[in-house]
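Take a look at the structures listed below.
Each of the next two complexes has chain A plus one other chain: chain B in the first, chain C in the second.
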Partner chain A sequence: MTTGVEGYMYPNEITLYWSVLIVLYPYITGLVAGAFILASLERVFRVEAVKPTYRLALLTALSFLLVAPLPLQLHLGHPERSLEMYFTPHRTSAMAMFGFVYLWYLMAVLTVEIWLDYRHDIVVMAQSSTGMKRWFYKVLTLGSNNISDRALAIDERVGWVITLIGIPSAFMLHGYVGFIFGSIKANPWWSSPMMPVVFIFSAMVSGIAAVMLLYMLVTRLRKQKIDMLCVDTIARYLFYMFIVDFSLEMLDLIHRIYEADESFRSLNFMVHTKLYFSQIVLQICIGTLVPIALLGLTQVLQLHEIVRKRIYVAAGCLTMMGIFAMRWNVVIGGQLFSKSFLGYTTYKMALVTREGLLMSIALTILPLFILWALVKLLPPWPKTAKGELPA
Partner chain B sequence: MSVFKESGHLFRLAALYAVGTLTFLFIRGVLVPKSFGQYGHYRGNAITEIAAHPIHFAGHQACDTCHTDVQQLKQSGMHARVNCEGCHGPLAKHADDPSVQPAKLDTAKLCVRCHAASAAKPRGFPQVAALDHSNGLPCETCHKPHSPAISAGGAK
Partner chain C sequence: MNISRRQMLILLPAAAVAWESILAGTPESSPNYKMTEHWWSMLIDIPKCIGCGNCVRACQAENDVPDGFFRTWVERYHVTDWNLENPEVISPDGGKEGFPSVTEDADGKYFFVPKLCNHCADSPCTQVCPVGATFIGPDGVVLVDQTYCLGCAYCVQACPYGCRYIHPQKKVADKCTLCYHRITKGLTTACCEACPTGARQLADLKNPKDPIHAFLKTHDVQILKPQMATGAKVFYNGLDGSVR
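What follows is the complex of A and B.
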């Protein structure tokens, strides 16, 4: 039981109760918020260059949003009890209120926006497809086949409003995840009003990187040409977001160093020992500085298209890893030190248990399968006049 | 009005959400117990239900009534403030009817629940790595559980 304990730990601190699944929860939720913000760039801010990724970003957000509660369900057990959160919500519980934020985002924002954007295609597919698919699309039309120009113009306007509401909702969704950690005043590693802001910007970084990688991968799988203007624009926004995110994280760090409260020596020691690899090496160096430098290169140098693509893939993958490391360092790091500031424990990840490595890998891959199914049912790219995919 | 006509699908969506909300409220009405929230954020009836549960613990005063010798021995040792049922388990049935005998305790397993070595315990608290300390022998081989310190003359 004492394996991995150095110095003095209170009895309830020796075992980490928030496992790798709780790392996945903000990671997946962040991808949702980030992907949605990228989609809103086209819809609200009229960045036409990113249009090829608009629908893919929405479907990505939905796929990850459907999986977002699963790490919590698996961690807590008794998934049937999660409904109690909706039936008898406790207004002073941050997690209970998060259930409503989640539901709002899923039902009032994402589903409605996707439905409005796809309605024309759904009606067309309900008329052109056969068998079970026909019934599926017919149900999705809600019995209305009106795709007149006027009706579609109304959809466009309503969709715009939904996206506009969606932006603060996406901020709220992921800001809330940060709030849940930032509001734990007994834990100096978490307790910071900066936490929701840092979480939102890191979410945008990871979501934009994820959609950029998915777009490049899907386009390649479809044997289509990658729209370089689109990818260049996404990479530019990724670069800007990353700089803001990194600045905020550094601001938080500098503030902690200068303030140097009673927890500082203990936390500083932890960052230089137990968290050295995951925080300094993975998160800050390989997962932040390297991708920022790579993306910065593409902004100042005139690089060939192939080189830019490779840089974007490398920077995107490193970004995804860096943001995962950030979530890891927040969740796991916050449980490694004793609140007596006199000791440290160790997190040993299980392999095949309910909260083990294999389960987290499965949960990370699951949204990609859902996305694959969604893309099959609701293709995010326009069809040609013949109903074939564009050559 | 053509706007309303052209927005028919939006009304259908709104109706679907309204039906969903009503269904939720109906299920909530059926599933949430009527006494929920009567006194606080819990089922009001739970109080009388819990009060009706059979009592399992007798309390150390009941033990002291008959086991005066053990009580006196305990008071002189380190376990003076450890409740009888803390080790022996709930004994209300035994207190009601002394012919109901409590289960025999295995001290090799029982004592390490508190006394297994752990860095998280205060340094002054007696704690041992059981295998190194006694090689699996029952603790009562050397220690008297009711007064566990070993004096120069042997076990008390």
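What follows is the complex of A and C.
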């Protein structure tokens, strides 16, 4: 039982209870929130350059949101009791609100916004397709077949309002995840009012990078030309967000180092030993400083389109990895040290168990399959202009 | 064997009493227990603890605690001179089988610290439970409804003292119940009963006749991690500043 323990752990602390699945949970919800906020740039803030990614961002957010509860569900000792969180939520528990925040975001924001935006296309597809597909789209219209200019204008207006509600909702969805960790006073690695803020900004960074990469990949697969103005704009926003995110994380770090409270020596030792690779190397150096430097280059130098594309792909991939490392360091790092500050344990990830490596890989890939299906059913690139019926 | 009607009339109630004693341990069968009349806590007298591990063994036997997990455990501290911040602490198998001996010429001081759930009045574990499966009763005992617990382990993360674990078979949160099945019957806890030196004493803060009141008046007692403001109700006499 005591293998992998250095120093003294309280005997019940040797086993880690929040596994890689709980790392995936904030990672996935972060992608949802980030992708949605990128979509809202176009809708609310009228950043027209990012329009080609608007629908893709929404579908990406939906794909990941549908998977978000799965790691939690699989992690529970009694998944069959999870609905009790809806029926008898404990009002003082931060975690009890998850179901409501999730449902609000899924049902009141994301699906409504997607439906309103696609309503015209759905009606057109219901009229132009045949067989099962026709029925499918007919059901999706919810009986609303009016695609007159006036009806579409109302859709547009309501969609705008929904997005406006959606921005604080996206902040709430992910800031709330940060609060689940940040409000645990027993754990000095987590306990910080900065946690929700850092989670929100890192969510935006990962979501923007994910949509940028997906847009470039999908456009390439469709053998279309990548809209460089769009990608340049997204990369610029990614760069700005990353600077803010990194500054906040460094502020937290500097504060901890300077204040050096009772937990500092223990946590400092952990960062320089057990978390050295995942925190210093992967998260801070390769996953943050390198992409910021790469994106910074594109802001100050006049680079050729091909070079820019390669830089964006490299920076995007490193960003995705860096944010995953950040989630890992928060969740796993927070359980590696003893609350006695006298010792450390080791996280041993299983391979084929319910909370093992293969399951986490499957859960990471699953949203991409859902996205593929959604893109097939609701193509993000309109075949017809609004208000027109297909020939 | 022939049993007369008279013998039967005696044997039947006797069998019922025997059966009742087998069932002892279910609070439902404690009709005379009034929760609001108690406020349970525990007193740990550190100078009296000899690190024998009797309490840990008694707890495991009484409560069917799985191997490798502990509702109570004993730590041995070794503090050299003024170096309070770097004590050497061990608790081999929770101190269940005692501790390795110490050479007489060893530096510094050695002492034992029994640990258990602090049954906090403002417990972070009950605060965070998403379904209220863990709760504090009117008698001050923090319990887990294992038929309702999701096994999310949020309470395990929230406990500053490392007193909770997820039961490997039941897949729900588990911890010290202060032997609720015993104390509601007027008995003391298994650990207190097994302690050969009286280092652990169950105390009822609502009972004016409980010796705890006299003890608290005359001794310097402390709780663990008071900065956590959890309202811990396990009081330690002679607690060294190095203990965390």
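Following the convention adopted for this analysis, the second predicted complex is superposed on the first by the 379 of 391 C-alpha atoms of A that agree within 3 Å, B and C clash if a C-alpha of one lies under 4 Å from a C-alpha of the other, contacts with A are read in each partner's own complex, and residues count from 1 in each chain.
Simple rule for what comes next: contacts are C-beta pairs under 8 Å (C-beta built on N, C-alpha and C of every residue); 3 or more make two chains touch, one makes a residue touch a chain.
Keep in mind that this is a model prediction, so the values were computed, not measured.
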Superposed on chain A, are chain B and chain C clashing or fitting side by side?
-> clash
State whether A:H90 touches chain B only (first), chain C only (second), both chains, or neither.
-> both
Considering only the touch criterion stated at the top, classify A:V5 as touching first (chain B), second (chain C), both, or neither.
-> first
Can A:Q302 be said to touch chain B (first), chain C (second), both, or neither?
-> neither
Should A:T130 be classified as contacting the first partner (chain B), the second (chain C), both, or neither?
-> neither
Return first, second, both or neither, reflecting whether A:A186 touches chain B, chain C, both chains, or no partner chain.
-> second
By residue count, is chain A touched more by chain B or by chain C?
-> C
State whether A:R150 touches chain B only (first), chain C only (second), both chains, or neither.
-> first
Could you tell me if A:E13 is touching chain B, chain C, both of them or neither one (first, second, both, neither)?
-> both
Clash check vs chain B: of 20-28, 110-118, 146-154 or 236-244 in chain C, the offending stretch is 20-28
For chain A, give the residues common to its interface with chain B and its interface with chain C.
-> 1, 8-11, 13-14, 88, 90
In their complex, what parts of chain C are in touch with chain A?
-> 67-70, 73, 75, 87-91, 93-94, 115, 124, 126-132, 148-154, 156-166, 170-172, 228, 244
Contacts from chain A onto chain B in the complex sit at residues 1-2, 5, 7-11, 13-14, 86-88, 90, 107, 112, 115, 119, 141-144, 146, 148, 150-151, 154, 158, 343
Chain C-touching residues of chain A, taken from the complex the two chains share = 1, 8-15, 17-18, 72, 75-78, 81-82, 84-85, 88-90, 92-96, 98, 180, 184-187, 334-335, 338-342
Along chain B, where are the residues that touch chain A in the complex?
-> 2-3, 6-10, 12-13, 16-17, 24, 27-28, 31-32, 36-37, 41, 116-121
